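For reference, the structures are reproduced in the following blocks.
After this come two complexes, each holding chain A, first together with chain B and then together with chain C.
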Partner chain A sequence: MENIIKSLEEKFNISEVIKKSDNLNILTVDKKLAMSLIIYLKEIEKFSHLVMLSAVDWLEDGKFQLSYILNNPEKKIDLIIRVFISREKPEMESIHKIWVHAATDQRELKEMYGIEFPESPRLNDDFLLEGWDNIPPMRRDFDTLKYSEETFFPRPGRQTYETKEYMKEKMYPDEKNSKNKKGLKDA
Partner chain B sequence: MLKFEQDRSKFPEEKDGKLEIDLDSQKFIKIWQGPNHPGITGNMALELTVSGDEVVESKTHVGYLHRGFEKLMERRKFIQCFPICIRMCVPEPDINEYCLAASVEDLAGIEVPDMAKWLRTLVLEMARLVILLRGVPGQGGTMSLGMGVQWGVYVRDLMIDRFEELTGGRVYHMYIAPGGVRGLLPEGFKGRMEEVLKKIDEFVVDIDNLMFSNAVFKKRTKGIGVIKPEWIEQYSVVGPNARAAGINRDVRKDYPYLMYDKLDFESYVGKDSDIYTRSRVRWHDLQTSVDMIRQIMAKMPNKGDIRAKTPNVLHWKIPKGETYQRLESSRGEYGFYMVTDGSAYPRRINLRGPSYNSAVLLLEKMLVNANISDVSSMMVSLATCPPEIER
Partner chain C sequence: MSLKDVLLPFLAWGKVFKNPVTIKDPFNDRPGSARYRGFHKNDIEACIGCGACEEICQNAAIDMVPVKGIETKDGDSGLRPMVDYGRCCWCALCVDVCSTNSLNLSNEYTWVENDPDKFRYIPGVDKKDWDNNELGWKKPENYDLNEPFRIQMEELKPEKRDSSFIEFVKGYSKEQAEAEADRCIDCGLCTATCPAHMAIPEYIKAIRNDDLEEGLRIMYETNPLPEICGRICTHKCETVCAMGHKGDALSIRWLKRYIADQIPESKYKDILNQGNDISPKSKKIAIIGSGPAGLSAAYYLTNLGYKTKIFEALPEAGGMMRYGIPEYRLPYDQIDKDVKYILSLGVEIEYNIKIGKDISLEELGKEYDAVFAGTGLHLGRSTRIPGAEHENVYFATDLLREISLGNDIHVGNKIVVIGGGNVAMDITRSLVRLQNQKNIKVDVTATSLESEDIMPADREEIDESREEKAIIDPGWGPKEIEIKDGKIKGLRTIKCLSVFDDEGRFNPKFDEKDKKFFEADMVVESIGQGMDLTYISEDIKTMVKFSDRGRIIVNKDFQSSLDWFFVGGDIIEGPDVIHGIANGHKAAKGIDKFLNK
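For the complex of A and B:
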């Protein structure tokens, strides 16, 4: 693993290397060199298994982090490739030609974070959400509580009641007027 | 035997890599299989375009179960994430508990005691049995061999009883916690477990007779739903589906976690990569798990420390970092990618289950030119679990 990291540091402009364990390292690479690094890892270093493509929203820094988790099944080692892209115009090259199934990841990231992957197949098709007209929901500035309050409340049948009072009213509607007549005690 | 040249004039032509399907031509029909359909596992839908009884195009539609768990967990403290994450794969919840606990422990630098590791291994293998006891005969269920499923549900229930005894819960167990597990084995547990394992041994033979020696089952599964070797890499196929294609991928062997390196086991590797082989691989997995539980029972100590000391979980700040923790679920590699920012809340938790790759693009590819009666058996043979696609 150390040899691989050394050769990568020589060839690509790797800004940060974090060693998590003997078989997991985290590399940070510039957006421009990311694609060539990924192709190099796949073709030369045999990191043939794309575990996942994920994104993290660093709202305070104005950046999205794309994480490509790659695995080498022969040497049994993992690499997390981190690429930071601007939050204002998030766009990254598509890797669906290297791993076909990455198209699904990219479709989800487009929907959930609004990150563009030009040329990725069916990128704009709805994946999990249908007819979504708000900002992408996995972004940190999307407020779930506010959204649900606006969307789901108030709506007939969604009022909240004080259980004790509500049941009392339901079961003994006349109680207020003729409490003593029925001889019922307060619950 | 007479051979007929198939009339391909009814099939759509390809233009720029896309099929030209004109529904008004009356050559094609659109059929929705799901989201509510006996031939679908869970809540997802396949939009099939068929010509005669042959599938021309398939599109997977998910989203019927999207509950935003990953987003919810970003607003929860680490301990509050446990009741959420177990719902990300309903039939096998313990794998989520383990992945989340392992990620938290890795980032916080907590060493789990050996006794807890043994108990975690035991629980994970029990969970594998619970899903396989229904999943293996379920393959027969897609071609009207329903009785295997009934037998499976009975034996599975006995295993769920053992879960109830050990954890207090039947479906969701909440047994694995950060730092270890929640309790030791109850008295007499090993004996009762052995009784269940004996029942499973009988069940395994019954299933062999019912399914794998059955002419109808063989005819409808051999040579059907083949995953080509070159697809394994392109679609990142893992676990039993890869093993059925002759590629030995098992996280328990390749990246030993917990106590798997102390257990003696071999994963079964097939060759033909069709529905029959995938089913056979899972049937062998069932026996491997039974054998492993017996080994764990024999090798684990009776007493020991089961939980490492953790800070107050309600005010627990985990240092900034990121990690990826994986395990072998009944369907293959299953992992959590966790990013923390030094606060009491996770910055991002992303789950990756094997269904994400297999049930969307791979299934769409496999279903082209398949017979419509094989659609559900092909889908079940990939062991699809929709909640892990949607999270």
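For the complex of A and C:
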């Protein structure tokens, strides 16, 4: 594993290496060199299996992180390739020609994060969310609570109590200066 | 249709005698996996009704509702979560955020019912088959959505602090304060327990938003002494903090100090928008004593437009906060800051004037429309054991007052302090500092009736005293101060087995055979404080009602049975600074009510 990483560092300008265990390392690589690195790993280093492709939304940094988990079945070692792409115009080269099944991962990432993978088959078909009409739900600026409150009607008869107001009413009602009676919150 | 399509169904028949992959027997249980996220369970005794589960739920599936038989009390709202399974998506964030780990998910996932309303229930209260399921989702260990431990405050090391009265707790930086504020889950259990019912989660939120001016405004609504309380409040709020169940309670006291520390007093008036819009009233109120109760009453009365004047027997303002608490815990300039702001609003103060001597209470009553007395507990109480009348036996309160006045006090070579409360720790640590300053080898021992686990002093006070090389040796009852040739030889004690009886009354039990002798040439008594009510004349005493234990009886407006005479602070509730502040505030409202009748 060490030798592989050493040679990769020389060839692909790896910006960060995190060793998770003897058979798992995380490498961060520039977007421009990511494709070459992945093809190199598959063809030369025999990381023939794409375990999965996933994403993380780093809202504050204005970036999405893509994680390609690759497996070398002979040596039983894994590499996670991290690539950071712009959040403003999220786009990444498709790897469906290297692994056919990656198209499914990419279709999911398009739906959940809004990341474009040009030329990836059926990229814009609904994956899980039929008739979705909002920003992609895995983006951190998607307000799940607000969406569910607007989308699903509340069950009749539900009511909830605000802790502070309720305690005030029970423990020191004489000092009540709140407009909210009985500590009831709108459900 | 191809030939393959026609033949394929028949090919399936070839597998008819193979073992199926589906489960054969539909009548047996098919339990969810060990960490399956199924229906909720709640340990109703452990739950404190903080509402964090409701707050985090992204589907608004949880309501906090009252439950019969669960009482609202300090540290428990009395509310419990009710789950609506029409909305729950089994994400288990409610479990991960639960401040007591009482809420879990069972691994049960099947439930058939015709009535849809049945799918709303209170876990742990409405009995379910899966209540005792051991399996299911629990918060993984070593994982918390909120940092469970306190951001540590920088302090001077014991060897740097034990010979000086300089404040040794440093105060939070911006980053530290924001990180600590970030741990608050905004449940508000603290507000109910705080005697002044301060809007604690709100001012902590102001720190998170870096809006300290808003924080200051929130604090002054219920507490006009934030610099002081930010340092020496008894922080009852922290004893009920929801975060304390899994880790450390929030440092509410230090966060309060952080807000006040960042804003200079000169900006207070603008920020609090005070002084300009007060419409003055003609009525005047006299306040006896400038401790927390008196200052608080003066502040809120002035804001209501009344002319207020404080009469203070000592040369400076603050009462017990200045003359009872050592400077290393509460520096005088911080008292001055809070006091200066209150005086800047137009409160008058006269120092070195004793009511009952320089001017009588009757005269005050005639000259002013109402009088508020917050005269505190300045008298020491004696153990009355043989030898206690010796000249080198002192009261802690007297010594602490002399130190604050800047007077030289007698410092022995071997000192024993009798008492286990915060005042005992204050005098112990002050004497350690004085011994160091006078180049005497540190030799101060504090001993109390109470054993270590029930000592009334704050834990940190005990620990810090020991760090400063004082000896704390609790669990001994004082028997006699041995005197030989007119000089103190030491304190004879016997083992104290228990302090309170089964009904919780003070009724100490001793083992007379288990003795201990503390060698000493100076003894300090710190077993409680008494009030000096000699300023109340005999005439007035006949008009004011007293309880059997000698306390003045007041109504909830802190009004005595003599209608113009209001009383509060330590002589009514305490001893405790925050009760004093709360009393002063309530009395101010009560006086306003009385004068507008």
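We adopt the following convention: the second predicted complex is superposed on the first by the 153 of 187 C-alpha atoms of A that agree within 3 Å, B and C clash if a C-alpha of one lies under 4 Å from a C-alpha of the other, contacts with A are read in each partner's own complex, and residues count from 1 in each chain.
Note that a residue touches a chain if its C-beta (ideal position, glycine included) is under 8 Å from a C-beta of that chain, and two chains touch if they have at least 3 such contacts.
Please read all numbers here as calculations on a predicted model, not as lab measurements.
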- Touching partner for A:His101 - first (chain B), second (chain C), both, neither: first
- In the overlay, answer first, second, both or neither for which of chain B and chain C A:Asp174 touches. second
- So, A:Tyr161: does it touch chain B (first), chain C (second), both, or neither? second
- Query: Which holds for A:Ser67: it touches chain B only (first), chain C only (second), both, or neither?
  - Reply: first
- Pick one for A:Glu130: touches chain B only (first), chain C only (second), both, or neither. first
- Partner chain(s) touched by A:Lys75 [first = chain B, second = chain C, both, neither]: neither
- Which partner reaches more residues of chain A (counting touched residues only), chain B or chain C: B
- Query: What is the contact status of A:Glu149 with respect to chain B (first) and chain C (second): first, second, both, or neither?
  - Reply: second
- For A:Ser48, decide between first (touching chain B), second (touching chain C), both and neither. first
- Across the two complexes, find the residues of chain A that touch chain B and also touch chain C. 144
- Listed in rising order, the residues of chain A that touch chain C in the complex are 144-145, 148-149, 152, 154-155, 157-164, 166-168, 170-172, 174-175, 187
- Query: Which positions of chain C touch chain A when the two form their complex?
  - Reply: 49-51, 54, 57-60, 62-66, 72-73, 77-79, 84, 86-87, 117, 120, 187-189, 191-192, 197, 201, 556, 586
- Would you tell me which residues of chain A are touching chain B in their complex? 18, 20, 23-24, 26, 48-52, 54-57, 65, 67, 69, 73, 76, 78, 80, 99-101, 103-104, 126-130, 137-138, 140, 144
- Query: Where on chain B does chain A make contact in their complex?
  - Reply: 62-63, 66, 68, 70-72, 74-75, 106, 233-236, 238, 249, 254-255, 321-324, 326, 333, 335, 337, 339, 347-348, 350, 352, 356-357, 360-362, 390
